[in-house]
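Some structures to go through are shown next.
Here come two complexes built around subunit A, the first alongside subunit B, the second alongside subunit C.
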Partner chain A sequence: MYAIITISIVAIIVLFLGAIQKKTPLLPIIFVGLPVAFIINLLGWNQSIHYYNEMYIADNFSIAFNAVLIFTTLLVFIFAPVYYKPVKRPLEDIYALILFALIGALTMTGFGNILMLFVGIETMSLSLYILAGSKKFDPNSNEAAMKYFLTGSFASGFLLFGIALIYGACGSMNLETIKEFVVAHHNNIPAMLNIGLLLVAIGMTFKIGAAPFHFWAPDVYEGSPTLITTFMATVGKVAAIAAFFRLMSSSFSDMESSWVVTLTIFAIATILIGNLSAFYQDNVKRMFAYSGIAHAGYMLIAIIALKQQAAGVLLLYSISYTIATITAFAVLILVREETGTFSINAFKGLAKHNPTEAFAMTIAMLSLAGIPPLVGFAAKYNLFIAAIEQGHLPLVIVAIVGSMISVYYYIRPVVAMYFNLPSATSAIDSSSNYKKQIFLAAFLMIVLGLIPGVIINLI
Partner chain B sequence: MSELVTRNYSLVTEYMELISILLLVFPLLGFLAIGLFQKQMNRSFSGILASSVIFINLILAAILFNFVSSSNQTVETQLFDWIKFGDISIPMSLTVDRLSALMMLIVNGVGLLIHIYSIGYMKEDEGVNRFFAYMNLFVFFMLTLVLSSNYLMLFIGWEGVGLSSYLLIGFWFKDHVNNDAAKKAFIMNRIGDLGFLLGIFLLYSTFKTLSISEIAAKASLMPSGDLTLTAITLCLFIGAMGKSAQIPLFTWLPDAMAGPTPVSALIHAATMVTAGIYLIARSSVLFVLSPVTMNIILVIGAATAIVGGIIAIYQNDIKKVLAYSTVSQLGFMFMALGLGSFSGAMFHLTTHAFFKALLFLSAGSVIHALGNEQDIRKMGGLRKKIPFTFALFIIGTIAISGIPPFAGFFSKELILSAAYEHGTGMGILATAISLLTTLYMFRLLFVVFYKPESKEIKANHHIHESPKVMLYPMAILAILSVVAGFVQMPKLFSETQGFDTFLSPVFAKASGLATVSGQALSVQTEWLTLIIPISIIFVLIFLSYKRFVNNKELAVQTGIQHVFANKFYFDEIYDFFLVKPLAFISNVFRGLLDQTIINGFVNAVGNGTLFVGKRLRRLQTGNVGLYLIFMVFSIIAILFFNIIL
Partner chain C sequence: MSSLSLFLTVFLTGIVLVVAGLGIAILLAPKSFNLQKGEPYECGIITHGTSWMQFKAGYYLYAILYLMFDVETIFLFPWATIVRDLGYQGLYSILFFIVILGLGLAYAWKKNVLKWD
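For the complex of A and B:
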């Protein structure tokens, strides 16, 4: 809770400084504020404090995910100076909006009341709508914002309708009370609750960008400024999936029969559509959008198999996905900076002049594809094991087939980087900040792949 | 008071555990430091760094050795759980008992000397940093092999030394011959490794564990001659055959001489090739319970010793002679294992490490002096040109020939007495084998150092003694070759059986299980077994002096000698009966099975996936209205299927 307050204060200070045209202290304040928030967040470990009539719960689940979200945001901000180098104005609005979106995300992981979930989602989404369009003079950016807003508010409508129906059935929006209601009416769940739950699930599925409500994702991811895409693909997705998991595990785990089949179909469709559509993409940014869709499908498996150690596995998966994605986007930003295109051809011969970046990109791609010994493998492996133990073998088979397909498109940038040396473009000038961040990420991907148990047993 | 003692005691154990981990950490760090910064690192620095790493290791090994030999306990160190799923659990853990303590002393001690020697030997080489990185990597894996407390980790070390060996044989990779030699070593070893791996699988399915000590405990309850045990030990022995160059998997070792000479000394004489002997000594309980395997080991060891020895007599490359000598000596050690004399094998392994490393380093010194000349026909009369090397070489020759009081005498004596205890016939055979050593070694000595100078030597005015950095390590090895034998005197002379006693706790269980204990020899027989061989040795030395020193050219080979000189045509036989048929079958399979069936299937799957992907992409039109319609239809469908149905 206090982490959220800290970040809110930082965001307001940033806005204020921007208003009085102070440019230099903006990022330093964020670089101090976010680590402070990170530490404050961790201080609540093992205490499980409930705030404001159960509105917000700071248990280990939310603290662990919040740590991931804050850390990821920090990584995104590290790229901000390089990404926005050509921009002369203070940019306080963009920074503040990213922070507000983060606040929404933090709220989503720790909600104790479905209304709070909605507030969190809307806080995040509204910030993201604007951020998607933050390249004001770029038509693609405008289009992305518009599409995101239209489809997003559409989904929010269903979500809110679902919440209303749940309230109508249970008489409460508190997660605990709903759970008691579900347990008490185990044998005759009212249709209203069923429909409400499905509508909420549809809304959440939209937010994590899973099929069949994924259509917005490729267009929005591609059109948005790349830094914002990075933020959406990592923080936005992880927060939504954590919220979805929290909702299902704390209230609806006892009425599995009414949602497991639907979500299984969603997951299968998501994995197949995501991976297959990524297949033909020559635009790497768009390819990552589809890859993000596919990974949303894998993360859905954690919800479907939520009875085992799935929370820990989901945490590991989120970390693995986040680190790899952010590394990949970092390199993508660098490449785009130099070549002016997101095409796969831009990666040709990268290894010749930029071995570090090429290596980090390779690690990220292999981790996303789930190649041992990287963390992506450990995450997928544990996820599949958890699902098999719950008897979801067909789903796991599809997921494995999807993984196999994904190797093809994840390897393509690697092949381009290493096997087209003669056509290498000139060296990309990367500042030391980038290198450190890239190194850190590659290091984490390797180390966590060796000791996944540490993360899984955390929550 | 007793509490204090206990606490002190556990503290000491903890230190020892830490040391055993550090023993692995240092060479690994050395490898990483030199390997990662080989482009930046000063060429003279890498050798010093690599040597210091091994020096620290030697001190650590000495501390551990002192601890296990004085306290008579084993140090068990748990590192981490490596594999854990279902009911399989394989922890990474280290065991330091007297056997592994001895081995790591040899590895680090001989390793250090050879590292220092290499500083001089490799000085002019461009890839010296790469060389030392590989050398440290080798030490790391060799120690992993020696220290591991389960068979799987041992296998990792086993493969690791194989890898280092491959990298170092092919060190001068610009020459195609070296690459071929490296590949040959790798492939030959792979055959053995497959056997080892099968043995590990069998071990796991039989004992449900891979821990060496647990397996020994469980196996000791099984009846002697148990079929599974026989199968397991045979598989392990096949592994040992590959690594330790026994018939039929020995042909890689002579070719491995393509690597730099220090590598031949360290890896292909003193340490790695003895891993097979270590493996069998480690698993002594299993082997003692499988008399069939023991007999096979005995036969193969003897055959290898004879074949290797005979081929060695007819080689004209100084390193090849030593390589076949190694093959023969390894066969001799396997004979000892087959006879059940584990400590005899280990003792000969130890002394052999000293004098064979010495001989290789001396050979390296000769090669160095002559500017990379290895053909002994182009040598001669070198005793005056490079007197130090000559002196050291002669010490090595005496030691390996088994002339008292040098080390080789004592270790051979231990094996010979085991052979005589087994039966007089076996004893005579073993004596004959050990006499072969005298023949080929003194031939080498005389041809290289005594024979009148060849015209190449006369023409070569650059012959120079090697630098001190090479000579000092050789001198230390020479001292060890002289004195190392005294730790274990023959029973005739002394009651103290130092080496035997030292290793007896390790082999206690095995010797308790041994089915046949040989009869103790009478004093007369013992004297005879001592005196007769020694007198024959002197006769042989005299004969070969006559034969080789005065003869200007090495005699032209005739008849059967041709077969010996051509290594019994082993390579040609393998090529005809194995390689060619295998290549033919591979070609058929590649054309039919792989290209047509498998490749066709895989391509069909790939094309199908691509096709679906292409179609699927069209759904994403970019029209937001269409997206919303999709969403609505989806929601309707979901609600319909969930609520109505």
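For the complex of A and C:
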């Protein structure tokens, strides 16, 4: 809770410094404020405090996910000076909106009342709608914002309608009370509750970008400014999946029979559509959008195979996906700065000029594909084991097939970087900060791949 | 199973009602065609020009700012009815809320949103 308040204060200060045309202190304030919020967030570990009549619960689950979200946002801000180098005006509105979106994400992981979930989702989504269109004079960016806004508000409508039906059936929006209702009416769950849960699930699968509600993701990810895409693909997705997991595990775990089949079909469709579509992409940014869809499918498996252990596995998977994606996008931003294109050809011969960046990109791609000993492998392995223990063998077989397909398109940039002759461009110079960040991410991917148990047993 | 059949009954009744209402209207309603009925405003001035034109973003920003104070009123009224019971804590909370809203207005002011040119 106090982490959210800290970030709000930082965001407001940033907004006002920008309004009075002070440009230099913006990023330093964020670089002080976010680590402070990170530490304040961790101070609540093992205390499980409930705030405001159970509206917000700071238990270990939400604290762990909030730590991931704040850390990811910090990494995104490290790229900001490089990405926004040509822009001369103070960027306080963009920075403040990223922080406001982060506040929404933090609210989503720790909600104790479904209304709070809706407030969090709207806070995050509304900021992201504007951020998607923040490249004002680029038609693609405008198109992305428009598509995201229209489809996203439609999905929010579904979510709200579902919440209303759940409230109608249970007479409460508190997660604990809903669970008591579900346990008490175990044998005759009212149809209204089933339909409400289905509508909420539709809204949530839209937000995580899972099939069949994934259609917005490729266009929005491609059109948005790359820095914002990085933020959307990591913080937005992880927050939504954590919120979905929390909702299902704390309220509806006792009526599994009514939603497991639906979500299994969603997950299978998501994995297949994401991987098969990414197969055909020549635009690396668009490929990452489909890769994000596929990973949303894998993360759905953690919700389907609900058990105490699954929260830790989901945390590990979120960390592995986040770090790898953010590293890949960091290199993508650099390549784009130099060549002006997101095409796979832009990566040709990168290893000759920029061995560090090429190496980090390779690590990230292999981790996303799930090659041992990187963290992506550990995450997928534990996820599949958890699902098999719960008896979801067909789902795991589809997931493994999807994972094998994904190796092809993840390896393509690596092949282009190492085995193709460089195009005429010279070396891309990146700042030392940038290099440090990329190194840190690659290091984390290898270390966490060796000791995944530390994360899994955390919550 | 009873809940499923209840759901089906409600669902089918809904479909039948809508389809029947529209269908009967189509079958029974008298049909007449008149050029004037196709106009956007049946009475009044004849429209000219296209509706796909730009209009000032200032209208929109003003509306947003008005909306902000609408929301403030919505929160102030319930607070005002029980102001004695809440005591000083309630007073501080609502003051904090008003200050945050005021900051929003100050930002808009500083960004020249209130200047109409």
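Quick note on the criterion: the second predicted complex is superposed on the first by the 455 of 459 C-alpha atoms of A that agree within 3 Å, B and C clash if a C-alpha of one lies under 4 Å from a C-alpha of the other, contacts with A are read in each partner's own complex, and residues count from 1 in each chain.
Methods note: a residue touches a chain if its C-beta (ideal position, glycine included) is under 8 Å from a C-beta of that chain, and two chains touch if they have at least 3 such contacts.
These figures come from a predicted structure and were not determined experimentally.
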Quick one: subunit B and subunit C on subunit A, clash or fit?
-> fit
Of the two partners subunit B and subunit C, indicate the one touching more residues belonging to subunit A.
-> B
Tell me which partner A:212 touches in the superposition: subunit B (first), subunit C (second), both or neither.
-> first
Anyone got the angle at subunit A's C-alpha centre between subunit B and subunit C, nearest 10 degrees?
-> 180
In the superposed arrangement, which partner chain does A:279 touch: subunit B (first), subunit C (second), both, or neither?
-> first
Counting only touches as set out at the top, which of subunit B and subunit C does A:147 meet: first, second, both, neither?
-> first
Which holds for A:20: it touches subunit B only (first), subunit C only (second), both, or neither?
-> second
Determine, under the contact definition given at the top, whether A:373 touches first (subunit B), second (subunit C), both, or neither.
-> neither
Tell me which partner A:202 touches in the superposition: subunit B (first), subunit C (second), both or neither.
-> first
Should A:405 be classified as contacting the first partner (subunit B), the second (subunit C), both, or neither?
-> first
Partner chain in contact with A:190 - subunit B first, subunit C second, else both or neither = second
Rounded to the nearest angstrom, what is the minimum C-alpha distance from subunit B to subunit C in the superposition?
-> 6
Where on subunit A do the contacts from subunit B and from subunit C line up?
-> 191, 194-195
Subunit A touches which residues of subunit B in the complex?
-> 606, 609-610, 612-614, 616-617, 619-620, 622, 624, 627-628, 630-631, 634-635, 638-639, 641-643
Listed in rising order, the residues of subunit A that touch subunit B in the complex are 146-147, 150-151, 154-155, 158, 191, 194-195, 198-199, 202, 206, 212-213, 215-216, 218-219, 258, 262, 273, 276-281, 405, 408
Would you pull the subunit C residues touching subunit A in the complex into a rising list?
-> 2-4, 6-7, 103, 106-107, 110-111
Residues of subunit A touching subunit C in their complex?
-> 12, 15-16, 19-20, 188-191, 194-195
